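What follows is a pair of complexes built around chain A, which joins chain B in one and chain C in the other.
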Partner chain A sequence: MSVLLTLPIAIWSFLMFAHFWQPNRSAQIAIIMTAVFMIALFFMMMRTRSTYRWRRWFFVAMGLLFPVGFIHTVIAMRGTMGIPIEEMIAGRTPFCFLPIPLLILPAALTKTVVFPGSILPGRGMAGAGMAAMAGMWLAITIVVGKGWCSYLCFFGGIEEGMAAVVPRAKLKKIDTRWRYGPWAVLLATSLLSLALFDSVYCMWLCPFKAVSEYVAARNTLGLVQNGIFIVLFAGLVIALPLLTKKRTQCAFFCPFGAFQSIFNKTSVFDVKIDRTRCSPCVLCKTACPTMSLTDESIAQGETLLSCMKCGACVDVCPKDAAVWHIKGTEVASKPERARLLLLYAAWGMAIMFGGGIIAQGLATILHVFI
Partner chain B sequence: MTIRAKLGYTAAGMTVFFAVLVPFLLMGVFTKGFAALGLHVDEMYSGGPIARTIQAGVYSIDIHRPVSPHMLQLEKAFVQLDWKPVSALPPHISDVVDVDGDGQPDIRVSFDVPKDAKTPLRVNVEVLNPRYEAMRNVGKEKFSRLIVRVDDAILVRVPLAKP
Partner chain C sequence: MAGYSIFGEALVLGLASGPACMASCGPVVVPSLLAERAGTRLNARYLSHFLGARFVGYLLFAAVAWGLGALVSLPPGPRLLVVGVVHVLLACVLFWYAYAVGHACAQTCASSKLVTIGGPRKRGVPGAAVLGFLTGFSLCPPFVAAGVRAAELGSIALALLFFAVFFVGTSVWFVPFVSLGWVRRNEAVTTVARMAMTLIALYYFYLGAMMLMGRKVYGY
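== the complex of A and B ==
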């Protein structure tokens, strides 16, 4: 049965990875390895009925291999991880999904995009352009909603990996008010981006600049900006996940995550707590990497808006009370069917988007040896 | 099974169907949709549209429309001038430019054109019209005050003096 259920994903993988196929031998080996990896993980999800731990292998691999492939490309194309002002003027700054919410207000009010990239396909690191990234984001968001943060975000895997390194959290009591952090950052950076006409999050607050590309430090201001990136990365992506076993950057800081929560309504899949089975032992609350379960929400049988459908609570529940759910259906009625449909959609997107990222990172490493 | 449940399962099935369509159709449709919105990149980065071109022998100078900062943007208003092609430029440029097209010279721009594209550029701008700000030995200070080489052009941005 597991093989049969994996078959559609195997066919999908073949279609997607055939698209990535390149004449380069290291790239070919990387593509085959990635395809096998993704199919094997899905098979294990079907066989063990566990989602989180297998998804995590993919997610961490994507998080770790994205900087490898990206930094290699940046260095090869422009010789430095710092974005030179010339590249910004030429509109060749690569655009990721994180600043999308911050660009909405200036774009809506003035038809201006406050990002030094290209709207249409550009040269150099501009790649397919901002319209392509925005188009891809919208198409995938319709399918997975907030699941983006568990299956598509190529940054979240680093902190998820860090959180997985330690067996137990050293810092267990976290003030629940920190959960409002992403909303505060979203509001503040959106308004500041409009007022200053600048992509404020990218220029000042993105922790992942430390492992992708940073503002070329032309002056003291640039040094301060890069210092902030490094401190935020070290704190939110390395140290705090190690101490708390949570995805702290996602849970307390990421404005895109907050924005994506709003779009979660587009997805029919969610996680519910079957109150008839729940003891409650709150193991799910402890396991949730984004603090999306509280005593109150468990009592109501719901997860919070920030739930990103990673499946940690479902896997850890000893009484199968935390269940995958399709909106409109009764809670705990055929949760495996809900899980399967969600995984077909989300894993399909993960292969399409993350598969390419993993293959590129692997190819970069293999290229050293082959 | 209730109608709500049937709708739920239908929507879930549709989601899987949409997922299949994403790489083949939806991504392209939405990308074209975004591209058709008529958005443009902030002129503080792009330098604004070209207003006119002056032919100076074997090379030309593109004069862009002046760019003004938005709201609290931390830059001054500026005008961008592009010398191109770089391959046709003499080793030293010292051009008097009528920026606003009124027939009167506005600024004298001087810079060296090094053969090595990676050599940092420096520019001096002497003001002949008080509407513009002078620059002395300026490199890549700010978006509104710089000289940079972009592809086959040397771009100089001259800040406008406050009225």
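== the complex of A and C ==
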């Protein structure tokens, strides 16, 4: 049965990775390794009926290999990780999904995109362009909602990996009000982006600039900005996940995550707590990497809006009370079917998006040896 | 007749520049308004304090600049100094506001008064008025646009009147902010507003400090 259920994903992988195929030998090996890796993980998800731990292998691999492939490309094309102002003026800044919510207000009010990139496919690092990226983001988001943050974000894997390194949390008492942090960053950066006509999050607060590319530090301004990136990365992506075993950047800071939470309302997939089975032992609350379960929400049989459908609570529940669910159906009626449908959608997109990233990172490493 | 057309021009200029004013003041108005208690009446009171004080700040700055003969082209040195000091003060007030909201809510959350800055509640100045007064000095692009036209008028009285009508035009754009009164206030909304205010304050503080150190930031 597990083989049969994996078959559609294997076919999809074949189609996707055939599209990535390159004449370069190291790239070919990387593509084959990635295809096998993705299919094997899906097979294990089907066989063990567990989601979180297998998804985590993929997610951490994507998080760690993205900087490898990306930095290599940036240095090969530009010679430096720092974006010179000339590249920004020429609209050749690579676009990632994180500033999407910050572009909405300026675009709606002034018909201007406040990002120094290219809307259509451009030269250099502009890549496929913002329109393609935004279109892909919208299509995926409507289906999986905040599931994006568990299957498609190419940054979240670094902190998830850090959180997995330690056996137990050293810092257990966390003020729940920090959960509002992403909404505050979203509000502040959206308003400042409109006022300054600038993508404020990218210029000032993105921790992942430390492992992708940064504003070339040619003056005090650049120095301060890069200092902030490094401090935020060291604190939120490395130190705090090690101390708390949580995805602290995602849970307490990321404005894109807050924005994605809104789309949990449009996605048909969610996680429910079957109150007839729940004891409650609150193991799910402890396991949740983004603190999306509280005593009150468990009592109501719900997860909070910030749930990113990673499956940690479902896998850890000893009574099968935390269940995958499709909106409009009865809770716990057919949770395995709901899980399967979500995984087909999310894994299919993960192969398309993350598969390429993993293959590129692997190819970069293999290229050193082959 | 010519006078009417001048003031009609001021009104149209204000209406046209309104979105830029709204965007420029948004980082100050939106979080502080969300930090206040719910209700359109209370939010309208906040806006009236904010806009009234902003109007006073506008006219004061225009009058002083006219007196110095520098309404349009303030020399770079004093300009950096004025804008730098205003940004640092704005940051301090926003920090205080974020603190005062938590403090006020812990004591008299049911009260229908606005958050005050300094002293006991009865003697304190509404935070909205302090923020409004400081944003009146912000030298935003619409202000400069109005300054160019006002400087062409013959007397200071006419110039100030021009500014007043211009101000009415821009203020129309602030009316939709009253609708934030419908947003239900709970711990989540208040905390988000306070955190956002703190972040924005940090940014303004940095901006102000850099200007006072004589460094150019974002074209100022």
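Miscellaneous remarks
The working rule: the second predicted complex is superposed on the first by the 370 of 370 C-alpha atoms of A that agree within 3 Å, B and C clash if a C-alpha of one lies under 4 Å from a C-alpha of the other, contacts with A are read in each partner's own complex, and residues count from 1 in each chain.
Criterion: contacts are C-beta pairs under 8 Å (C-beta built on N, C-alpha and C of every residue); 3 or more make two chains touch, one makes a residue touch a chain.
All figures in this text were calculated on a predicted structure; none of them were measured in a lab.
In the superposition on chain A, A:L187 makes contact with chain C only, while chain B stays out of contact range.
By the touch criterion defined above, A:M81 reaches neither chain B nor chain C. Counting residues of chain A touched by each partner, chain B versus chain C, the larger count belongs to B. Of the two partner chains placed by the overlay, only chain C lies in contact with A:T220; chain B stays clear of it. Once chain A of one complex is fitted onto chain A of the other, the partner contacts of A:V316 are absent, as it touches neither chain B nor chain C. Of the two partner chains placed by the overlay, only chain B lies in contact with A:S267; chain C stays clear of it. In the overlay built on the shared chain, the residue A:L64 is in contact with neither chain B nor chain C.
When the shared chain is aligned, chain B and chain C each come close enough to touch A:A195. Chain A uses residues 110, 194-196, 198 to touch chain B in one structure and chain C in the other. Against chain C, in their complex, chain A makes its touches with residues 109-110, 177, 180-181, 183-185, 187-189, 191-192, 194-196, 198, 200, 204, 220-221, 224.
For chain B in complex with chain A, the touching residues are 2, 4-9, 11-13, 15-16, 18-20, 22-23, 26-35, 37-47, 69-74, 140-141, 143, 146, 148-151, 155.
By the touch criterion stated above, chain A contacts chain B in their complex at residues 12, 16, 19, 85-86, 88-91, 106-107, 110-120, 128-132, 134-136, 138-140, 142-143, 194-198, 218-219, 267-269, 326-330, 333, 338, 341-342, 344-345, 348-349, 352. Chain contact summary for the complex, chain C toward chain A: residues 19, 23-24, 26-27, 30-31, 187-188, 191-196, 198-200, 203, 206, 210, 215, 217-218.
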